[in-house]
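In this document, chain identifiers A, B and C correspond to the written order of the chains, with residue numbering beginning at 1 in each.
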């Protein structure tokens, strides 16, 4: 491991956001068209629905170097596919507990409902996640198991 | 006259090797589990002859997963970098005689149509010191496959526990002599291994039966309770099947060699979807045939040293010995 | 009780209500107890019942070579009986072809690493409050005795066995927990014995075996081992019955059942769901309620 003191000034968090095509992606788009500025640290991955977000994708995001993960979709009742977000919600209720037991920091995993009209919410949430992650520093713990052959 | 080394002298010898940068592998006790591990300090090890081990010394010659080369994309090129050679001295202490005996069994395989430099380097750099057995249990059947509690096959030196905090050293090879050179004292005490485990089946006859009964329904019957977990293959000192996969991303990654098991249904799954070994009976038949017919035909060794690790760790109470005993009933 | 069990099975075989009985017998080295498949009334003497009957025989129900027998009678402990219920609810077994022979269980002794029997019960048995099998065709054994054991365990179930281990784990900091599993998973050899021994892991092709694309690294490296063990535990969400077959099959002695227990506990806490308690229940994951908890969602 790197024994040098952490230079937090230079650290730019990498945030992976799994967003649904119908709400949060459009919310992010709205933030863009409204010229609402948010940090460029977030990498948006568009999926049809939060119901599609396999829990493996969250693990995978950490494996490839994410410092925090956001999963975001339509508000309950608004799902384009009627119930995808309800399924997702039930899944995350359980998956967070498993991550916590395994020792994955759940402060690095965010879930949200952001509609196509909530560009401002997307802006503020992403800004908050980036700031909090910047404070926590890089997720070296997970990276250390990836580095180990 | 015999040569004696005390436990303290043994620890000092290994401690000096550790200090000189060698890799030392020894039995480590964790609760009721004993396993071979690389140690950083001699005090971590437990120098007591044991027959029940969670792993075998095989993984220090043929690791459970090993990088062959790494690749990285640079512009339009892909740059390959061979994995570095195993380049330190390795001392494996406390091997069971049946662990050590697996090495000469594996040697011809890893030098057959392809020289496996990974295995061969580790083998050349290693000194294996075994403990003569002080006990055997109902799973042991080394005697059936040509072994014994004091078998020195594959060992560079063998230690006999004298029960008074010292061991009688019998150096087998020059490497073994070199390791203990000047560390021993002369004595008239002579070590003795435990009695050989009793076996009442004849592997030779069973092998003949296997040869003649490829399509026998007995295979399905005897292996009905096997769920194909493959634990037997992973704890076996001689099982050596592996899979080669590429891991990583478009930009960089590595090609690795991973242990595999013939008990897994996916092992023989064809790309077409056809699986020639679609039931557990066929997979067990493969395992036994490989161990007692195919391998001896090709390399003159049984692919089994009778250590009994398979049946000790089998949650379904199966393994090579119960299988051989069941087949023996067919031979009669 | 052993005789009662044998008689019941003999009768079922004689009346041809079943073609095979899957039970326990002294089949292993030194008479160790494992599964036996009895097809003739003359062979029922092979069947035993004692505190060494460790395996969850429900794992055999989804295997093609066992299904080929036709009508199956299966001996189940109370925890194993719940596994059969989950299999039925997931349409993996045909109840018309199944006779479930439940035995009243008073706890199962743990196996030591050398395969011999330890003088203590499995941790799961210390907290067990269901010694009498539910949802079975017939019950063999003394139900009153089972109920007495339930009452005895109920007093300390929350603080004993695996619950105690889990509480200890939860008391750690998140970094300590990560370090704990890091050590445990470093021993994983990726043999998938946990998967093969689990009655719920019946997929013909496990996601871990898929390679177009590869979902999780197949290497027994820490990266692959974390991904695999998280995956395995979560695929059992709302399905694990806590039989502990995974942990007892693990050659590396990893405490896999604690991961499953975490998810089962969460299912109970958040949704009041316990797997395998009744037939005809929809799977927990795969259904939803309008008012599921969401206080963690922003």
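What we mean here is this: a contact is a pair of C-beta atoms (placed from the backbone, for glycine too) under 8 Å apart; a residue touches a chain by one contact, two chains touch by 3 or more.
These numbers come from a predicted model, not from an experiment.
When you average the Cα atoms of each chain and compare centres, the chain farthest from chain A turns out to be B. The central chain of the assembly on a C-alpha centroid basis is C. Per-chain Cα centroids separate chain A from chain B by 45 Å. With centres set at the average Cα position, the gap from chain B to chain C is 31 Å. Between chain A and chain C the centroid-to-centroid distance comes to 35 Å (mean Cα coordinates, whole Å). Shared contact sites, meaning residues of chain C that touch two or more other chains, fall at 221.
Within chain A, residues 149 each touch two or more of the remaining chains.
Interface residues of chain C facing chain B in the complex, by the touch rule stated above, are 27-30, 32-37, 54-55, 59-60, 63-66, 111-115, 187, 189-193, 195-197, 204-206, 209, 211, 214, 217-221, 245, 248-249, 251-253. By the touch criterion given at the top, residues 166, 169-170, 174-182, 207, 215-216, 221-223, 226-227, 229-231, 233-234, 237-238, 258-259, 262-263, 265-267, 270-271, 284-290, 292-294, 296-298 of chain C touch chain A in their complex.
Touching chain C in their complex are the following residues of chain A: 55-56, 59-60, 63, 76, 83, 86-87, 89-106, 110-113, 125, 141, 145-146, 148-149.
Touching chain C in their complex are the following residues of chain B: 32-35, 51-52, 54-55, 64-65, 137-139, 220, 224-225, 227-231, 233-235, 243, 245, 247, 256, 258-259, 261, 264-266, 278-281, 308, 311-319, 321-322.
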